[in-house]
Structure formats: C-alpha cells, structure tokens
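Below you'll find the structure I mean.
So that you can tell them apart, the chains are marked A, B, C and D in the order they are listed, and the count of residues begins at 1 in each.
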Amino acid sequence: MIIHLKPNVSVDRASQLAKENKAFHVTNGDTQILVTGSGIKEVPQSLVEHTDQYWVFPNDMQLSSRKYQNEKREVSIGNVKIGGTNNNTIVIAGPCSVESEEQIRMSSQLLIKNGLTTLRGGCYKPRTSPYSFQGMGLDGLKLLAKMREEFGLTVITEARDATHIDEIIEYTDVIQVGAKAMYDQGILRACSKIKKPVLIKRGFGTTLQEFVQSAEFVLSGGNENVILCERGLRTFETGTRFTLDLCGVAWLQEHTNLPIILDPSHAMGYAYGVPALSKACTAMGIDGLLIEVHPDPSVAKSDASQQLDHAQFEKLLAELKPVANSVGYNII
Amino acid sequence: MIIHLKPNVSVDRASQLAKENKAFHVTNGDTQILVTGSGIKEVPQSLVEHTDQYWVFPNDMQLSSRKYQNEKREVSIGNVKIGGTNNNTIVIAGPCSVESEEQIRMSSQLLIKNGLTTLRGGCYKPRTSPYSFQGMGLDGLKLLAKMREEFGLTVITEARDATHIDEIIEYTDVIQVGAKAMYDQGILRACSKIKKPVLIKRGFGTTLQEFVQSAEFVLSGGNENVILCERGLRTFETGTRFTLDLCGVAWLQEHTNLPIILDPSHAMGYAYGVPALSKACTAMGIDGLLIEVHPDPSVAKSDASQQLDHAQFEKLLAELKPVANSVGYNII
Amino acid sequence: MIIHLKPNVSVDRASQLAKENKAFHVTNGDTQILVTGSGIKEVPQSLVEHTDQYWVFPNDMQLSSRKYQNEKREVSIGNVKIGGTNNNTIVIAGPCSVESEEQIRMSSQLLIKNGLTTLRGGCYKPRTSPYSFQGMGLDGLKLLAKMREEFGLTVITEARDATHIDEIIEYTDVIQVGAKAMYDQGILRACSKIKKPVLIKRGFGTTLQEFVQSAEFVLSGGNENVILCERGLRTFETGTRFTLDLCGVAWLQEHTNLPIILDPSHAMGYAYGVPALSKACTAMGIDGLLIEVHPDPSVAKSDASQQLDHAQFEKLLAELKPVANSVGYNII
Amino acid sequence: MIIHLKPNVSVDRASQLAKENKAFHVTNGDTQILVTGSGIKEVPQSLVEHTDQYWVFPNDMQLSSRKYQNEKREVSIGNVKIGGTNNNTIVIAGPCSVESEEQIRMSSQLLIKNGLTTLRGGCYKPRTSPYSFQGMGLDGLKLLAKMREEFGLTVITEARDATHIDEIIEYTDVIQVGAKAMYDQGILRACSKIKKPVLIKRGFGTTLQEFVQSAEFVLSGGNENVILCERGLRTFETGTRFTLDLCGVAWLQEHTNLPIILDPSHAMGYAYGVPALSKACTAMGIDGLLIEVHPDPSVAKSDASQQLDHAQFEKLLAELKPVANSVGYNII
C-alpha cells in the first residue's frame, strides 16, 4: 500500500509513523509518502487521520506501477532528459571494458563526433571465470572520470558486487547494476540512498515481476531515478547469446512508469545482428539503447564478438534516426 | 552436400543417380540438383563426372543456407511477391478461428477496406484440451474458399495434423504448418510434394537449427516456396504468453535465404502489446506480419485476449507504414 | 465436469445425452459417464434427473485427476500389471532404432536372459533432419512382431505422425506417442478408439498441465489405458541433452491417477549418467523405466551416445533391484 | 593450466613465479601449485625448469576437474566427513529462516533427537521484494551460534551479499553462497581466503560450467573446502517452483571432484513432493541433502509451502536410510 500523508504531517512525524508501521518513508517534492507491503489492503487505524490519499496493489510492484503513477517518470542522464514526455531515445555507447586510456579516449571521441553524450565502459567485469580478464577496477574508473573531464561526457559503469559500490558511486554519473547483480541488496540499498540515476539490468533468469521489484528496492529507499534495462534472457536457444525479451518490454511499458533502455549487444552476442535488433528496439518507442562499440573489436579483452567497430556504429546511428522518427522519437 | 549436375544430365538420369547415392533430387529451373546429408564432404566417385558445382556444409542446413544461395528467395502469396529484392512487408490478418460466415466476411471486408490481400483463419485448432473449441474443420475451409471467391483474397490456414493435410492443400492458397506441428513429417512431406507456399511456424520449444531443418524437409522434397515464421518461445517468463525471439530473427536473416514472417499476436498473448511489437518486427526489415484481428475479440472462441479489434488494427496499420518506410520496406 | 449417470440409463441413451450436451461419453464397467469442459460448474438442467454423481474441476485435468479417482489406474503391459497397487517398476528396454533382424534379436535375447518382458525399438524415427536415418518403417514393425512371436515379448514402438498410426496400432502391443508428437490429435484420437495401452511422452517444451491434457484426449475418447512418460525438458543447460523433470514427476504423482514411466536415456543423452538417473527415478516409486540398450552403441544409427551396452545394462539392472525394494517396489 | 612445482621450490618463490606469470598460487600439503587460465596450453618458458607435473584443460574447469584429480575431494562438516570415500549422505536440516530463539531451539532439538549434526537457518534472506520479511540478520546469526554452543551442532547459513560476509564467516561453520549470489565475487573471494567449508548453490539460471567456475573462484584463492549444491533451475514449468536438475548432478559427478549436496525443498516448492524427491537424490549416491523443516510451517515467515513439519521430517528420515543403503551410502 502507498499512502500520501496529509500536507500538515512533517518529515519527522512521517518518519516516525513509518517506523511505527514498519513502512518505508519517501518524500516526493513536499509529499510525505509511506509504503508498506502489498499485503496491507486497508489503511492502518493509526494512520487514517493522517492519510490524504492511498493506493492498494495486488503485488509488490507499487511505486513503479502505472496504477500509482500513470505518467512515465523522467530521469536526467547528464543534460539529456529521458522518460516523461521527452520522447528521447538516448544512445549510450562505448566498449565492453575500459582497457586503456588510448582506447577509451578513442571511444569518447567517437561519441563527441556523433553528437552523443554518454559513455559506457566496464571496470569491474562480472566474469564467470577467475582466470579471465577481470577489468581495470579503480584505474578504469579514474579513466572514465578523466574522459568526463576532458570531453564533458556523462559516464556510466557497472557495479559487480557490493565491495566496490562506494567507488562506483563516487566516480560515475549513472550507476549500472549488472544483470548478474540484479538481486544484490548490498548494491541496491546503497543506490537507494543517493540521487544519481541507477540503471538496473534484468537478470537473464529473472521474471519481469522480480525485475521491477529490484527497482522497488531503490525507489522505496528514496531514490526516484531508476531506469530499467532489458538485455536478454537465457533460453534453450544457443545460436544467439541470449534472447532479447521485447514482449517483456511491452509488458513493462504497460505496467510500469519507469524509463526503459535496451541492450541489444549483450542479447545478440554477435555484431552482425546488433543493427537489426537496435532498430527493432527503437521502433517500440523506448528511452535509450546501450550499444557496445570498440575501436578494434578483434582485440577486445571481453565480448569481442558482439562489439561494433566505429564504422558499423556510425552507419547504425544514421539508420536509427529515421526509425526513431517514424514512431515520434528522437535519437539523442 | 549439394551437387549441381552438369546440364547434359537428364531429369531421369538425375533421379537415378539420386537413388544410387541415397540423395534427394530436386530441380531448379533447368538445373538438376542432388542433396545428400551434410556428413558427405567429398563428391562421391560415381558422381564426379556429372558434377558441375558443389557445396559442403557443416550441418544439415543446406538448401536454406546463405552459403548455398546468398540471395533471399522470392515467394508469391497470391499476387504479392515477398522476399527476393521486393522489400515488401505483407500484413496477413484475420481471426484466430473461423467461427461463422458472418464473422469471416467482416474480417474479409476489413482487409479489402485497407487494401490488404491475404486472410488468415484457423479451421483445425491445435488446442491442448479435448474439451475446448476445436475449430470448424472442413466447414471452415469452405468458408475461407468462399471468401476467396467473393473478395479475391488469398487465404492461409493451419494444418493441425496429417489426417486433414489433403483438405488444407485443396482449399487454401498458403499452407501453414502450426508451431505444435513443426516436427510433423506427415505434414511436411505432403507439403514438399506441392508447389503452393508453405509457412512453417517455429515450435515454441524448437532451436533455430531444428526450425530451419523443418524447412529442409519441404525444400528437399521439391517445394521451393517456404516461408519461416517466428511466433515466440516458451520461456520461464509468464507475464506474457511467449517470448518473441528477435535475436533468432537476426540469426535467420544472416544464415538462411528464406523469407521471414513474424507473428506478434501469439507471442505476446495480449492485445495491448501487439502494436509495439509489430513495429519492432517491421523495423527489422521482414517479409511479413501475421496479426490476429476479430470483429469482437471479447466473444472470440479462442485466443480472445490477444486479438485486436478492427479499430485497433486500422490504427496499427497506419502506424506501421512509416516504420516500414524508415527501413526501406513497404507495408502491403 | 464429470457426470456418472444413473444405472438405469442405457448406453444408447447416454450417447444421446452426450450429443445433446456436447459432452464426451465413456463407459467404465457398467457406468455411463459424460465429460464436459471444466467450464461447466453445474449439472445441466436436462441431466439433473439422470445424474448419479458428479465432479467439478478447476481446469481440464478431469478423468486423469486424483480429485475424480484417487487410486492410481492399473494398466497391463502384456502380462505385467503396473499402476494400481502392484508396486511394479517395469524395465522396458531395447535399442533406439530397429536396425536389422540380427540386432533386434540380440536385444530380445538380452531381455529374455534377464527375465524382462517388454521390448522397445523405433521404426519411424522423428528425426529433425530429412538427411538423417529415418528408421526402417514397416519393415521394422514386422521385425518387432517377429520378435514377439519368437520370444513371447511385448513390443512397444513410437508413432511419429498420423500417416502410419494404423500400422503402429496393428503391429505393436503398446503405442508410444513420441515427445514431438504429443500434441498430435491425429495420433491421440486414433489411440482413443482402441484399448491397447498408450504411452504418451511429454513434449520437451510442454507444461505438466498440457501433458496431462494430452492424456485427456485419449481418456475422453474411451481408452482408459494411458501411461505418462517424462523424458526431459529442453532448458538452457546444454551439458546434458535434456533436463529430466523429477519435480514434475512428484507433481504428476500428487495430482493424477495415471501410471508413470520415466526415460532417463533421452533426458541424459550420455550413457555415463543413465545408471545414476535410473536409480533416482526408481527411488521415487514409479511404474517403469524406458532404457535404451544396444549390442554395440558405437555403431548405432541414432542416439549412439546415450545407449548402454549389454554389460552396462545388466550391471544397472542388478543395481536397480535393491533401490526399488528400498521403496517397496519390484523391478520386473 | 595447472602446474605442480618441483619440491625444491619454496612457498615464497612459488608466489613470486605466480605473480610473474599472472597465475594463481595455491598450496596443497607440501605441493606448490600454479594455476593459469585454460588458454595456456604449454608450460611458459620461465617455468619449465621448476615444473614437476602439469595438466592442460579445454576450459576453465581446472582445479575442480576429474582430469586434474580423479578422486572426489573430502570435506569436513563439523565431525562428519563427506566426499572422499566416506559414502556419507549428510542430512542438513532446519527452517528456511531463523525466526526466534524458541523456533530455532525446537529445530535444534529435532536434529539432536534424530542423531543429526548440522543445522541450517537463514538470517539474511535474499527476498525479491523490499516489502517481505528480510531475515533477522546479525541477531539470527547469534541465535545460530547459541544453538551451536548449547547442542554441539554445526551451523550453516547463507550470505546474501558482500556487505555481511564477514559476519557470516565469523558466526557460522559452513558458509552458504546462495543461488542468487552465486556470481558474487565479493562473497566468493572472501570465502577463498578462509578454510571453512563453502557450500555454493547453483544459480537457477546458471549453466553447469558457470556453476563449477564459481567454485574455481574459491579453489584458486586457496580454499579447498568447496561443496556444490544443486537446487533447481528456473524453467517454463510453473506447476513446481523450480526444476531440480538431476541430469546436471550426473554431469557434475562425472566431471568434477567436488562433493555434491542437493536441496529438494527449494526445487519443489511444495512439501508434498519433498519426500519422493529426497529419495531420488539419495539414490544417486550424493554427499548430502538440505531439507527445510519448521515446527509449524503454516506460520513460517518465508517459504511456508515447502517446509516439512517435524513428523513429516522424521518419517522421511526413516524412509531415506534404506534408500541410501541400497546404493552403499549412509544417512548421517
């Protein structure tokens, strides 16, 4: 249940009422809001007099639900506003992993050349083997920060586990919760205490309901800037790396109020399919794309097969614009 | 292995050579072709003198493979040509099931009004329960034939099992092999002996490789007019009915030479998501869409939740055209 | 809804009432039974006076349901009774495919030597490629019949599609509906008109509910001798061929009254895992096992990797007996 | 590649060689061992003179592989040895969540009464919703420690994320890495630095290969005491909670040298199926079972439907013993 308290209830009083009712307390503008589990179907007796408005829900998709707030939330990624009524499809691009200053600078220059604003690059790689390249760690974060400084780019990178979440929060503009970390409450709770945008990737074995509930961890802790990112399910099909779930995207668009960014690169796993998939995603009227691009994919230290080279990327970008326009959106 | 025999080899001689080598014999224009299993990597001694050209393959995707024929095959659905270099996205529409003459006439009129040519409607429904509506059977086929007569439409319907495949072949213009029947050799072999187009739906538990090999049953029997139709996989996600595999579509576009039609209605299972998904499919540059539309979905005898009503369908059609155009295709 | 009609209602009258109410009519001993869809929750007015007893159901699992008949059904496979209160675990064995008279005689001798009664062997193989070995067809069926004659064995083989179901019914003692044919109504309806036992394999992409509803096709047509066979789901895991669903077996034991036979060979896909899996299955208190065994697996024309050789099979059989005994069952 | 260095190479020298070759350095008894990625197929030049023996691998399953060490590893859980040649099937039992001192004492008494030694109970629950019961946290850990003190029990509990892994390591005897945390390198690396046994649960969307590679994170860090725990995959089947992958267990038994414990409770999700599944697991000759049991499942704060009550548990325990014996194992 979500309860909007009456305007005369102070922040402190709201906080106290939350504690007494084992509820979460969040503030939206001047509105004090309590959120309980969805099992609560009637306003608790002690809250009746303080309640301005309330919503009951069939399950724990509450703050993220269109039943609560029908308008899509707006989130700012640097100077770019997505969601809301902006009809922007932001293209976030960069290499799978930050590998060197030279490499990440080339990626930054590619973005600038094409009028893009937001650079991705992994520093803590969630590799499944201890014997693979694990990412540059803090050194990588510092390179991303340097690119921000040098080019005025917004940077996004992934938290692999809770041990380095503080560094990620310090060095980057948008925090990415990786697919393998989607259930990581250490990360989610840390992200709920800040105001920087959080992009949560759907786990490849995760239901839509669970995916949205991960967003509820962040929203109920007080951070409204949550973006959902679908990046493919693990299915029996092995001809492609994962199976991008666009039926799920239609479901998210219908049921949730959160902006949605799609990652065709990880879903497909092969560069040849990224352009067609990117167009498919764009035609759904989505808020952004995450695309992996590398100065020379053949020598990439991770995910070599799925990264576009710069020429392929620029060709794709040109092709995406009319597709976005055909559904009333702009590539930005 | 595919072997193109020399021009001087007669049809009868080719047929005899096929038998001697346990190969399939198909004819393409004047070319006599033998097809063996892909395990054969060298031209058999007795065929060397008759061989004009040959191809070896890593697996049994042979006639359908881009390695054999890189150009996409062209197939005619009534007067509409798809595949090849036509860049047409045909919209095939109609109700899930043929339910009555009145209903199927309303569907036909909807198509005519919107300049469409091809009517779908199920007569033998592959229901999973014996207690559900099983379709009108032969009576339904006759209604479809009547609509063809009356409106000049092309009709397509589904074969559920081999017991009525002869009726389907007799009464319809395009034979649909349903997802649950994709492995049905009784149906596939019957379809390989005719020249009418065959649309094969991918089983929801079927790999891409197996899907294409179903097409090989038809192609190796001598029918070149095969269309592939992706309609969603069964995954762990139950918020939607199935999971449309657009990564798989990218794979098919890359590896096969067959036209591809997509079915967003069955994949999604809910009308609300069909428009966004249809746009996604269209933006991939595909050869057609199968969309379920019913004069009054609320009373439909099967798949009520996923059928569009006429107004929703016309709105979607208007929205699809610019999307198709944005990737160089035309809705037809 | 299932309705037991009063004893004074004749077979003909019952048949007429069924037609009037669009219900199935089956007879169990002297009891005339009508079965409607599960959507019917109240006895139709015209049937009230004829109704002795009735059952309503939440879904179309009706005749197979423990809610209707709590005792497990008994089915005879030759002279062996399974299900009911027999606590027999029948071991059905033989090669994947019948390949030659010599081969199938060696398999028969293996069974006889080990006191087993039921021989399996595929004649119409549901291969996914037209270029693979497709089975001996009718010649294979005749070899199975010869083995029955010669050794007094019971034989079971698989129907691949409806075009040869009459042959299968004529030549074999138990009709196997293959996993890929589980939805094939041509096969299921043909099997519902006979009294020979029908073993239905679960499709690898099929839910438990759909699986049991396939049995309802046979049961509602009048054949009570239905056996369910779990043989593995297709999942993302590719280290093994399929994923044997023993949770599903526990579900079937709880909810249905049908005997259950398991097929560890197809599930595993590798001979090394068949013994451990067979023991796991047996410890659940099941009614039978289907095990692939071949005189020389290395030269088998299909499924070479998963077939045991004779020595491995005999070792397994010896190990299975104490496991069966430990849960109160007998290997037979 | 795994390299056993010659006996004359000191620990310090080995450590230095590891650094120079970007390898992991572990010690087994007196043997100094280097482990590189499996991409290395030849002993690096600088190591040739120090190499006593080496193994190359087709993939990153190295220390855990039967190709490296064919004998199953032995791990001690309190006084109980599993794996090796012990043929013990340890039954670890207790409630899903530690809820109160009274509850966990009743569970402890149940174990003692039945001669069992190892108590499970969740303190940090990896719930998918922020609005569900999240576990007692540190208070729960202290209750488990109290039970150890009071009853001499060994205790095992789950790490949810890296923020509390130090507490878990301090308070418990066996560290459980939960299914949702299986990729959590924060947890895995912390576990690799200790000697307490680590039980890693397989993620429900995780391949066998990835599962074993999680163990490699712990093994390559220097902790040899790793146990694998299969607890069910997420598949399309929703009649049961998950799908226990016993084919996968056969694969693990064939390919890895690690002890295996199975968790039928989470796989099934319903108490009715736990006994039959537990017997199935036991008949495979496994090293242990994790079974959820609660004094009163109907009031449990999590996973109420799948927990056995005490009477059901004692009945099951009695039934398991002969099954274990039938395959040469002992329930302990």
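As a convention for this text, a contact is a pair of C-beta atoms (placed from the backbone, for glycine too) under 8 Å apart; a residue touches a chain by one contact, two chains touch by 3 or more.
These numbers come from a predicted model, not from an experiment.
**Student:** Where are there more C-beta contacts: C-D or B-D?
**Tutor:** Counting C-beta pairs in contact, C-D comes out ahead.
**Student:** Measuring between Cα centroids, which chain is at the maximum distance from chain C?
**Tutor:** For chain C, the chain whose C-alpha mean is farthest off is A.
**Student:** What whole-number Å value describes the gap between the mean CA coordinates of chain B and chain D?
**Tutor:** 48
**Student:** How big is the gap, in whole Å, between where the Cα atoms of chain A centre and where those of chain D centre?
**Tutor:** Whole-Å distance between the two chain centres: 32.
**Student:** When the centre of a chain is set as the mean of its C-alpha atoms, what distance in Å lies between chain C and chain D?
**Tutor:** 37
**Student:** For chain B, what residues touch not just one other chain but two or more?
**Tutor:** Expected reply: 205, 209, 234-236, 238.
**Student:** Quick check on the complex: what are the chain A residues that touch chain B?
**Tutor:** 205, 207-209, 232-233, 235-251, 253-254, 267-268, 272-273, 276-277, 279-285, 319, 322-323, 325-327
**Student:** Going by the contact rule set out above, which residues of chain A touch chain D in the complex?
**Tutor:** Those residues of chain A that touch chain D are 24, 35-39, 60, 62, 126, 128-132, 160-163, 180-181, 183-187, 203-206, 209-210, 213-214, 216-217, 220-221, 234.
**Student:** In the complex of these two chains, what residues of chain B are touching chain D?
**Tutor:** Residues in contact with chain D: 234-236, 238.
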